[in-house]
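Two complexes, one shared chain (chain A), two partners (chain B, chain C).
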Partner chain A sequence: MASSLASRRLFQEYRTLTSSPPDGITAGPVSEDDIFLWEALIQGPEGTPFEGGVFPAELKFPKDYPLNPPSMKFLCDIWHPNVYPTGLVCISILHAPGEDPNHYEQASERWSPIQSVEKILISVMSMLAEPNDESPANVEAAKMWREKRGMFEERVRKSVREGLGLA
Partner chain B sequence: MRFGLYAGVSSALAAAAIARACLERPNFYSSSVYIAQSNACLFILTNLALLSTYSIMLGLQKAFYGPLRPVEIEQLWEKAWFALTETALAMTIFRDEVGGWFLFMFTFLLISKVWNWLAEGRVEILEQQPPANPRLFHTRLSAALCLSVLFSVYMLRFCASSVLQQARPNMMVMFAFEFAVLTILSLSTTARYALSLYETAVINRQITHGREQLRNRTENPLSEEEANATDIDAAGWEEKGQWVFYLDIATDFFKLVLYLTFFCVLCMFYGMPIHIIRDVALTIRSFYKRIRDFVQYKQATRDMNARYPDATAEEIVREDVCIICRENMTVWQNPTEDGATGERWPVDERQRAKKLPCGHLLHFACLRSWLERQQICPTCRTPVLGPNVESPNPNQRARPNARGAPGGNNPPPTGPHVYTFGPFRLVVGARQINNNQLPHPAAASAATTAGDASQVALQHRHPITFSSAAMSAQLNQIEQQITREMSQLSHLSDQLHVLRALQGELARLRGAQGIPGHPGPSPPYQSRQPVLQQSVQAYREVPVGSGQRNLPAGMTIPEGWTLHALHRIPGSAYRGPQTGASEEALQRQQSANDYPQPQANQNHGVPIDVGGSSNAAQASDTGVKQDTTQEVGLASSEAEGDQAEASVPQGGETSCGPPAWGSANGRQSAAESSEPKHQSKGKGKAVTVEDDAEDANA
Partner chain C sequence: MDVADPSDWLKTTVPKLAPVESALRCQVCKDFFDTPMITSCSHTFCSLCIRRCLTNDGKCPVCRTADQELRLRRNWTVQEIVDAFQIARPSLSSLAMLELNHSSVEKPTSKRKLDDTDLEEDTDDPIVTVQRRKTRSHDSRLSNSTDQATAPSPNEAVQAVADENHNGNGSAACPICGQRMKEEAVFLHLDTHNEPDAPSQHNLRKSRRAPSVEVVGTSRTNVKPPERLPQLNYSLMKDVALRKKLSELGIPTTGPRSLLVRRHAEWINIVNANADSSRPKSKREMLRELDIWDRSTGRSIASSGNELNNAGSIMRKDFDGAAWSANHSSDFQDLISKARNTGRADSSPRKNGSPANVIVEQENHESTTSAQLIDGLPERPASSTIPNSDDT
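Coming up: the complex of A and B.
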């Protein structure tokens, strides 16, 4: 079966993730029937306005998974330059290999089978800590981050509090 | 709910309009005429017609595709908007013919497009995961596909015949073209579906076969239930990727032909169709890319067993997990040698560990499916193809990756690039060194000398083994590397030499013509000899210690110091410091390093190249001599003179020096300018440009 490689590998990654989970990250398939749809929980990195928040995200894997990257979408509102308003995460590690049509990213930053779910989630976590405002997915957020850092942080903190049901 | 309301209102309106017409007019004929002439009535009726079409299609969709997933609906909307705008653009060409008939055709077109998209999506889903109810799924899908193909073929024939009947191009040309594209797409979807079906069949056969084997095993046979419960690791249909590739290429090719035909027809009868130029260009590009990818893929996967060697046991110990499937790799045993494995041969073949030219290991099947997408190593992104393949050990090579400076003129095809910008600036292209062995200090310092902001990427991919054989091999490589870099450097130095000459000449001519606005005399040209080659050779000579007899006559050096003869030019006589200001400047410049000034230099006036081997690279610029008799390198590492020979400067230290340019001020007097400009402290590139009496006079 074409997907057996993908499902085997996803299963393996799931096992590694559950046996030795990295700090602040939990992930696993949503249901047993569909190993191609995962849900992940990412803690906001410490020392950033995202600190204290827990951000649920959804990972969708293609059928030829280790050869092509999954897509990742936050299931909550998240105000960040590299997250589309729809919640879709835009980082280079999640972009398919091959030539970048915009010639913006280096090929070395992009997806390769050597990456894994764990690495993706870690990258996303570090993306939360250090936004890349060069190719923003959310232009408004990028502008605010660049020009009014205080306002940006305040807004993020507020949304984190709201997400936790504190505000 | 909302749709129901809308449908109800539409039907009520239509009924009211018809009833009113019938009641107000005396007979059927006049009421039809009224309806046909009243815009409001027509609008209401069209609305109803569209609504009913939509409902019929909804019913058909429910019958053939079942409930749609949210993802599918999302995709449909996206694609539908795109198709709508595209056709709307095309309509501008046939704007005279827009009317009821057009709307009719357009609706049909859109419907069949949507139908095909749905089928496409379903085939993809099938490849992703097996359907819950296979029989229903396959019946529905195959029926839908047949319908799609038949309908588009029928519409194509209809459009084509109506165009031929009228014998003139009209909007039907566009529809014929659209339906032709659709026919091709639906055929391609069908073919893809057939491929998936075949794959399933192959896998089923493999699984049955595997179970039978388990059951009929001589020792420890499994019962029927046990065998059925066991998960059989089916190999799958390996050539599928290839067939999909062929299918895509064929589809692209036909689409390209159609686009070109349509383009030509429009050009002939209507003038340049600007709106589809983009499509044509994109199709051509994608076709070209596909062909190129295909050729590369074919190249990379041809004779994979011969092209990529099997991994040896040691290599597997070092790297035992295939990074694509994250499963262990084992040493592959040739079935012809080992009869026991022959039975399970297909599985083993797929998991045969293969080594890429860069040294990374992968399973045969994983590698193959990766190469279908990209022909680079998934770990380090070294191209699998290309000249490196032939090299026995290409990952130990430095790969020159010259980055050109913007605005440079006529860069030489290979090697470092030399550019001139006006009278003063001179940029030399950087080299990127990609080496996974020991840091290459010589290369690094050479790169520093050659370039400015050179980027030295040193990657350790494998743990370095410190056996003596490996060490000597590495040293040999380093030596080769140094030699290579040196020859490149001398080449570069030659180029610099020529450029200086040209620059000096230009300045002289400008000065002679008295061009206004010229910033003044530019740096003069000094004839300089590249000495790198010689200095390299010199390092192989035995150092001369203090008090030894083969010390040059009249030379004394302090205790513990050793002397390297860098370069001897037989027959030429040293002219000494009294020859002129500019020469003196040069000599002082030679000692521009902050290394301890040896006594020998002052006592005897012999130009000394101080500082041991870290000066090897600098020798190309600062250690340049005019009328040199002897160059003597004093290895001054405190009674460890020999060490300087083998030791190499810290690569990182030397490589990151910023470019330092001593610019000459044209208004300086000759005497002033003869003062040497001391440059960076033993790192980075130091090029001093000083004025010359001759130039100032000119």
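Coming up: the complex of A and C.
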């Protein structure tokens, strides 16, 4: 078939994700016409204020994937130090080794072609559980997380309830 | 389309084969190794995959050690293991699935077939024996079937037939001759092989029945090795020379400079990976691969021409100069005033890295190129590089 390396690999990843999905994560292309745009659903990790929530996100893959990482954007409001107010996720696995927007990341934790959608989503899930406040994407959220943890958690819980249509 | 995946094994009676299959796949493309190469840090990837990675950032994708393409070495052993596994996979997987069907849901058609086989005759064919032992211990059956399935290949390094779709249409390849048939028919068919074959007969049979199967050994020794292409230092080449080089190579010469560079690099990777391969492709096939690349990655490079990392589109004939200057007019005004302040003779603003200046630098670069082409002038100061001065 006339398909590029990128689309073959994405198809393979989709195949793996559907037949053995990791706990709390589903992901796949939005439509059959465009394998470079995926939607993912991530469950809030247990034992965190995000517990019970289901967070939809959008993954956009570059045409030279997996040489370069996709970008990931939450499609819902999410109050978190490492998520920009626009929903864009700022996490080292999504940054190519050449770029370092915040000048703190180890090369070893950045994107490499051997990473995968599954690893990204697992990293994002653990990011929800353990925010990294060294390089906040959302400064306000980071400040609140660091200084007024109770307030932070309450705000997150409230938005989770709202997301579920319970409040 | 259906794609074979290591996770297929998780649903069978031998889920432990999933990590075996994962280990036989390239970590970059997630497909079975195609022409595996080992890096100087001892990691193995498909030739084309690792070449693309090294072109991209010069590092091993697994451990990030810096490496060079010239230091890659072939890993024939891995190739042979993968080839043998791919040939064994369909029958291995139908065995593993058969077992599952048998123990859980009764599948009438396949069951009757099996019973028929059981009732017939007393052959010493090991496969039939294996099959009859169905209800006994897993391990002995597994090892038997594996032996049987891979038996013909060790001495011959047989080329794998593309058999990805064996699940999709329910057909499977005979592990001995490679002929395709319904899964249920494989065991009956295997009876036709039950006389002890000499290896040479295997070869004969292969070439007769399945023309696509060839013995790697011959192509490795008889055909002269395909030519390799050297890397180019693109920064030393002007556009005209680069286009000439591309047309000499017989590859498309259209598009902005950045696309030409990437296309040439991709072509080198395709050609050199092909030179590594034990079953090299024709130039026509390689050109088709390049065309696929051009229509996906290449097109995205060309279309991102308006962005800062790609100023090549400015050189294109259809470049919309008016829109460009409208979009960036504030930048240009800013730059002009800055340049006036610092003085015309001083070209230092190019050195500081604010976004606005990056545009200048690229503008400058483009106009320099054309300036040199026209009259060999050295670089002009930033203030004179208003768009539209060239080309449109």
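The rule is simple: the second predicted complex is superposed on the first by the 159 of 167 C-alpha atoms of A that agree within 3 Å, B and C clash if a C-alpha of one lies under 4 Å from a C-alpha of the other, contacts with A are read in each partner's own complex, and residues count from 1 in each chain.
Simple rule for what comes next: contacts are C-beta pairs under 8 Å (C-beta built on N, C-alpha and C of every residue); 3 or more make two chains touch, one makes a residue touch a chain.
All values derive from a computational prediction rather than experimental measurement.
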item	value
Combined model on chain A where chain B meets chain C, clash or fit	clash
Which superposed partner A:Gln12 touches (first chain B, second chain C, both, neither)	both
Partner chain in contact with A:Pro66 - chain B first, chain C second, else both or neither	both
Partner chain(s) touched by A:Ser112 [first = chain B, second = chain C, both, neither]	both
Which of chain B and chain C A:Asp34 touches, first, second, both or neither	first
Touched partner set for A:Ser126, first chain B, second chain C, both or neither	neither
Which superposed partner A:Ser20 touches (first chain B, second chain C, both, neither)	second
When the two complexes are fitted on chain A, the stretch of chain C hitting chain B, from 6-14, 60-68, 132-140 or 204-212	60-68
Overlapping contact positions on chain A, where the chain C interface meets the chain B interface	1-5, 8-9, 12-13, 62-64, 66-68, 97-98, 107-108, 112-114, 116
Chain A - residues contacting chain C, complex	1-9, 11-13, 15-16, 19-20, 62-64, 66-68, 96-98, 107-108, 112-114, 116
Residue ranges of chain B touching chain A (in the complex, touch as defined)	124, 127-130, 199, 203, 233-234, 236, 240, 323-327, 365-366, 369-370, 373-374, 378-379, 381
Contact set on chain A toward chain B in their complex	1-5, 8-9, 12-13, 34, 36, 62-64, 66-68, 97-98, 107-108, 112-114, 116
Residues of chain C touching chain A in the complex	1, 3, 5-8, 10-11, 27-31, 48-49, 52-53, 56-57, 59, 61-62, 64, 288, 292-293, 295-297, 299-300
